[in-house]
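In this document, chain identifiers A, B, C and D correspond to the written order of the chains, with residue numbering beginning at 1 in each.
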Amino acid sequence: MSKNRVEAFTDGVIAIIITIMVLELRAPEGGSFEALWALRYQFLIYLVSFITLAVYWNNHHHLFQVVKHVDGAVLWANVSFLFAASLFPFATAWVGEHHVESVAPELFYGGVVLLADVTYYLLVQCLLRVNTRSEAVVQVLGRGYRKPLITITGNVIALGLGWWWAPLTIIVDTLLLLVWVVPERRIERHLSR
Amino acid sequence: MSKNRVEAFTDGVIAIIITIMVLELRAPEGGSFEALWALRYQFLIYLVSFITLAVYWNNHHHLFQVVKHVDGAVLWANVSFLFAASLFPFATAWVGEHHVESVAPELFYGGVVLLADVTYYLLVQCLLRVNTRSEAVVQVLGRGYRKPLITITGNVIALGLGWWWAPLTIIVDTLLLLVWVVPERRIERHLSR
Amino acid sequence: MSKNRVEAFTDGVIAIIITIMVLELRAPEGGSFEALWALRYQFLIYLVSFITLAVYWNNHHHLFQVVKHVDGAVLWANVSFLFAASLFPFATAWVGEHHVESVAPELFYGGVVLLADVTYYLLVQCLLRVNTRSEAVVQVLGRGYRKPLITITGNVIALGLGWWWAPLTIIVDTLLLLVWVVPERRIERHLSR
Amino acid sequence: MSKNRVEAFTDGVIAIIITIMVLELRAPEGGSFEALWALRYQFLIYLVSFITLAVYWNNHHHLFQVVKHVDGAVLWANVSFLFAASLFPFATAWVGEHHVESVAPELFYGGVVLLADVTYYLLVQCLLRVNTRSEAVVQVLGRGYRKPLITITGNVIALGLGWWWAPLTIIVDTLLLLVWVVPERRIERHLSR
């Protein structure tokens, strides 16, 4: 099975998700600046989701550059990841419409981020299993690749903090993105070798 | 006529269908967990449709890996299949909004699945006709390829059961997916040869 | 300038247009078969638009297989064609919501088809101008390529008939598609040479 | 890091943005020509946005034809540009719904254009920094490439004029597009060498 099909489908789906999110931003109710100002939280959370999905796309693309083999398990781990990603427009719209202080939308958003990170971790594990020891992905990510686990732990803490003050969930999850903004240096080093 | 054009267009259309379905999931009416819980059936049916389309995409892509020639008939069989697939967002929204116990939405959903399976079967038949006996697709699928016929029979039974208890239509159609989750082993074997 | 960029962008835009049209099909107001039956015209016009766009895509793709050079004029003729195509979801929604007997939506739909055919004709003319006499597109389409002019004439007649009985506009335009269902045989012959 | 990934993702996102804008054009409230005429400003601004995004896409694509190297900074400058572009459907819907004489929507639209031009300028600067002096992009655009700065200055003036008479913002920004309709001649000359 070729990895290209998985790559192209993933790129397509993420490009569509990141773009249709804007359809949830309805035009303000009136033609004044106040009407626009009323949407400030919706814009903020839209920006956060846009960056989050861009980071996921960037890392996913990077990951597949060192992958050689894929199998059915990889395919379904990848579909699970795309399913989690596809919930972003919904979660973004819910948080945006009910401001940032409602517990339920914030925790749901945090749950979607957690699901995306868990499925991404599963994807990496499936890739490590199907590729033999001599292949790039195993050599590069096989040992000490702790980023996904750090993020997942952070996501869980973010959910806990959300019970205390709702916006903390998204704030912490957004800070966790910083770990991923620069894709895995080990992959970069491997590719430039 | 090249098969690549059919493949790329199909991949694009299915990626878009699978993604825009989420736009039918409107944000809950309030900021509480109860408001989210009220959407549980919409989520469930969204998940079912997401998986169904992923399975179709996977099998379509697999199928075309052993195809060499396409003609006008293949093209139009494929467009018919895409038309059936394009009805999923509508069917999903209708079932989701009217819970899972209404007969009409469930049977309509079952009808869309049936249409997709019939057009997929037609597509396979058109491919078998245009490719000569020595070509991979005929050698691999030319004899004893019963999956599409089993599913179509199952779809019809699912529609019948839906009259008795509506949710059975989608439950049976979803179980039928299991036949397709692992794409045709004969294609895998041929490709790895 | 490479023709691939024009092709890929066009394929992407048409795949998106053909797919998002389904978003204009709102789920029925209730869970009964009557509620679905009330949408029969919307389904019919959706089907017509789906086939129309599939025919355009097929012919556009065919056309570009014999093209070698593109320039700025081709690019802008193509953008004009895509703009016309992008109005289909709007026209489809308007006709669908106001049944098939209102004059204004039918004539508007006919106008969109006319605009698409005129811009397609312009695109062909620009391609003939930028490619030299020895190139395939000129040899194949340079003389006696009357299809676009026949369709444009037909579109104008369709608009006239629409004043008399509105549905005739779309009926005539749909019949005109038959001229295009099988892409230009001269291109096929050239490609199989 | 390969430039192809950035190109393909950008093409995908812009194709989707330019197409989903039409979803903001809701079908007229009735089946009469008057109902359609009431949407004339929405059509006009839709046309303007369609052309604007086509011009951006064309220039972006042209730009990347002379690019060889990309790095993380280029990637994030590009994501910023795509974020600005993604606000067009929202801005278009707001201007369209509140006619062209409201100050707030017009200035917001002008702000989105300004943001797109600033991020495009940043993208060019990042590309110039990562590519060495001997590479095409630096030789072609390294000196005297004033288009982005002219446009940004024009955008700011357009915003100022908008306070005086709102429609001037979009009128001026649209006139500024003329500078970009024909992509950089220096790139053309380089490519045809």
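Brief remarks follow.
As a working rule, contacts are C-beta pairs under 8 Å (C-beta built on N, C-alpha and C of every residue); 3 or more make two chains touch, one makes a residue touch a chain.
Just so we're clear, the structure is a prediction, and the values are computed from it rather than from any experiment.
In terms of the distance between Cα centroids, chain B is separated most widely from D. In this structure chain A contacts its sequence twin chain B using mostly different residue numbers, the overlap staying below half.
Mean C-alpha position of chain A lies 38 Å from that of chain C.
Between chain C and chain D, the centres computed from C-alpha atoms are 27 Å apart.
Looking at chain D, residues 12, 16, 20, 23 sit in touch with two or more other chains. Taken as a contact graph, the chains are arranged in a single closed ring, with each chain touching exactly two others. On chain B, the positions that touch chain C within their shared complex are 1, 5, 8-9, 12-13, 16-17, 20, 23-24, 72, 75-76, 79, 82-83, 86-87, 89-90, 93-94, 96-99, 102-105, 108. Of all residues in chain D, those touching chain C in their complex are 11-12, 15-16, 18-20, 22-23, 25-28, 30-33, 35-36, 47, 50-51, 54, 57-58, 61, 181-183, 188, 191.
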